[in-house]
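Just below is one structure, and these are the notes that go with it.
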Amino acid sequence: MPTIDLNSDLAEGFGAYKCGDDDAMLAIVTSANVACGFHAGDPEIMAHVFKTAKARGVAVGAHPGFPDLWGFGRRRIPFTNGEIERIVAYQVGAAQALAAYAGHRISYVKTHGALGNMAEADRAVADAVVRAVKAVDPSLGLMTIALSEQAKSAEAANIEGIAEIYADRGYDDQGRMIPRGKPGAMITDPHAAAARVLAMVEAGALITHAGAKIKTPIRSVCVHSDSPEAVETAKHVRASLEKAGLTIVPVFPVQ
Amino acid sequence: MPTIDLNSDLAEGFGAYKCGDDDAMLAIVTSANVACGFHAGDPEIMAHVFKTAKARGVAVGAHPGFPDLWGFGRRRIPFTNGEIERIVAYQVGAAQALAAYAGHRISYVKTHGALGNMAEADRAVADAVVRAVKAVDPSLGLMTIALSEQAKSAEAANIEGIAEIYADRGYDDQGRMIPRGKPGAMITDPHAAAARVLAMVEAGALITHAGAKIKTPIRSVCVHSDSPEAVETAKHVRASLEKAGLTIVPVFPVQ
Amino acid sequence: MPTIDLNSDLAEGFGAYKCGDDDAMLAIVTSANVACGFHAGDPEIMAHVFKTAKARGVAVGAHPGFPDLWGFGRRRIPFTNGEIERIVAYQVGAAQALAAYAGHRISYVKTHGALGNMAEADRAVADAVVRAVKAVDPSLGLMTIALSEQAKSAEAANIEGIAEIYADRGYDDQGRMIPRGKPGAMITDPHAAAARVLAMVEAGALITHAGAKIKTPIRSVCVHSDSPEAVETAKHVRASLEKAGLTIVPVFPVQ
Amino acid sequence: MPTIDLNSDLAEGFGAYKCGDDDAMLAIVTSANVACGFHAGDPEIMAHVFKTAKARGVAVGAHPGFPDLWGFGRRRIPFTNGEIERIVAYQVGAAQALAAYAGHRISYVKTHGALGNMAEADRAVADAVVRAVKAVDPSLGLMTIALSEQAKSAEAANIEGIAEIYADRGYDDQGRMIPRGKPGAMITDPHAAAARVLAMVEAGALITHAGAKIKTPIRSVCVHSDSPEAVETAKHVRASLEKAGLTIVPVFPVQ
């Protein structure tokens, strides 16, 4: 019986600022990528998400980004690859400690925003992230955009890569995510998103904006948490995958 | 043959800002308390200190403080005890990961500035810090001001407390550090500091501003790094202890 | 024909984080207190609110707070009174420049959160704020909690004080706002809030939680923008005042 | 009798962090470019420099940069030109208010670090800065790198541009500053720097690394404050210009 993981970026609030409905999403997804305080997230929100995730059997990953709260980690800040290693290591460690504090355990890392976009397309950045993850804890996995340089980097370094697709993002002819703001970048209709995810999972392939299929392993589906239709989309994606006979389980089992 | 540890707060720069001479101090002390990015320190400086400390056989501890770079962690910010647990856990984890990245290992925690002053005198704050340390890694030690509430809290929680005295600070009649800015708070003469430390270590007691002795175990001596005379004072303290027959070794051996 | 001003704290988002519906509130209130980037607000949000306020004839004030984005300016950070002068001056200037950039003009200052609470009850803090305002621009007014030390400080310094009441906050027997979290602190029902405001404006007095009246001039009514019922409450307050024959106009006319 | 202005970037510390010797430099230069809290500087340091500058007849300018304390404003952060307008306006206003608070008055603006480098070479960025300055206060001048796009932008917009040369930086064949880290970028010998400045001022031209002369008006000479030899270099530059018969006066007289 085939299985699939459902992941979402959570703990993206900061202090009094809310961002998405973490508790609602934790009732739907099986893996939570937790912001680590650089582009979003604070120790209070992180600890809350770790505790709730543990109670619900949701796996947790560290979700490091650039130190840019104002830009929500979406600005490409010119850090050197060495600096990227250190900011990733720092954030992974902070997340590990707060997970332990909350009775949970980080099992993987996923890069956020501009850092993720850079690691998707630039092997040197991808390698920097992989070096940081291995140095901190070589047992950690790395969630990677399907077909990305980061997926190749994880494989080359012999750390477990988890290829993921996005429920709400379009892909160009090369299988790269269409940048935000360009036509076809965002899929906002929950039903369209759910149907599209199912088609990709069943095909074992990315389906591009133009309709072409690019073969790739798919182990997880990312549903975003910060749009108005986020919870609705996540529910539809989950329901549609379950209806098609897939079991929704975390890649990394929660003990 | 009696031994004593010599510790110092290091990695207190930030980006382009320098604070003290970390490399010079790492040639003198046996334990380095490393700032974790909230009141001082950044991932670059932290990684550099961890790497240098490892090369020199200097033990390293996490040195968490309040998130207050502007105030250098010296303002008493009204965090709840629960929030204190989470900011301590976060910073300890960040330090652990960067230490691992640099090939070293955190062996203890020491609180900084206002957080340290609060934990010195307020048992509830001390207990919050201890809970955070135990939750993150119960094998970690806690460096504590001699005779403080934090020393009692560590003992009650069965984590290893390392009682320390300050080379450059005066003590009041109760054995509390005299607050900065008050008469007798700072000892700036390197020779006076060295003589005073030796007297306390040999007496196994704090010596107050008024000259009284208060018995206490003393396992480490803190020499500050951020004054103009810091390196000179540290050298004198070390030389004076060695001349008196003490061996200067880290409390936590570096493998 | 009697007039009253309606004010609200706006521009309280930060980057991707939204806080309240600034545009909806700017269609209801006559004065907007604009966050200045220390506890909330960023240059983008500030410029947007100034521009929209100008287009709608809404007066604008600077709304400085403690530099504490994580705590939303609600933590009492132990700044000296001198430091308070400088952080207030800095923020007022930033707001003045962005208002000019957007074609508008700051006409008053109102302190936010913990800084406002301290200036309400502590004359020395109130005087520090007043000194900063006078030094930057003596033509600026100061919006003050009715009956507060800040109201007295403004009067003594001969700057224009605008006494305000809160639509959604209860008052204790001394006329001080009941602290958040205590019984009677918050009035969440829009109709109750509107009725209460009208009663106070018509009586020319604060009405305490216990029902007593304390005479005070009332020149403005503050409606908060960051609760789920904020827009609804503001509409009810405005409608109820208008129905009773009051004209809703800014204290400082917009040219 | 010919005159020349001597300017320096001051107030570049932050909280407990020192950067250069502001007081020593204020005894040598005639114009102080004051950091505004985004890449360096805080309200305390800014107010101190404004007060001291006023007492010594030193003109003051706002010195805005990117919001990047960790990177000291030297990272090229991808802000849009619109965002650059708003961050410049914000910082200029903050500096104006603190100058007023300290009894002084901002007379010009000079961009810092990466923002300055971008405005040197990119006309669209230069125009964004000029729009911000004009919107906040059209009477303000703009200190600009000689021969830069920013110099042209100021001229086109009819605001007063003050072309400056750098005492400690080399120029390439096009008259652009050689980037830090490349050969010839920095002139560290105080006597060489002084001789070079005098040669350029007397020639009315930049002198490139290769020895070519490029004609340009020169109204100010920038001496940096943050290197170990900064004060020495500034003294030599001043003495050498005075010996050659130039009067050192601020471009904008201090009343």
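A, B, C and D label the chains in the order they appear, each numbered from 1.
Heads up, the rule we're going with is that a residue touches a chain if its C-beta (ideal position, glycine included) is under 8 Å from a C-beta of that chain, and two chains touch if they have at least 3 such contacts.
Since this is a predicted model, take the numbers as computed values, not measurements.
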Between B-D and A-B, the pair joined by more C-beta contacts: A-B
Same or different: at the chain A/chain C interface, is the fraction of residue numbers used by both copies above or below half? same
Provide the C-alpha centroid distance between chain B and chain D, rounded to the nearest whole angstrom. 41
I need the residues of chain C touching at least two other chains; which ones are they? 70
Which of line, ring, star, complete and other names the graph you get from chains that touch? complete
Would you mind writing out the residues of chain C in touch with chain A in their complex? 13-17, 19, 42, 69-72, 74
Sites on chain B touched by chain A in the complex: 37, 43-44, 46-47, 83, 85-87, 89-98, 100-101, 132, 135-137
Per the touch rule, the chain C residues reaching chain B in their complex are 67, 70, 75-79
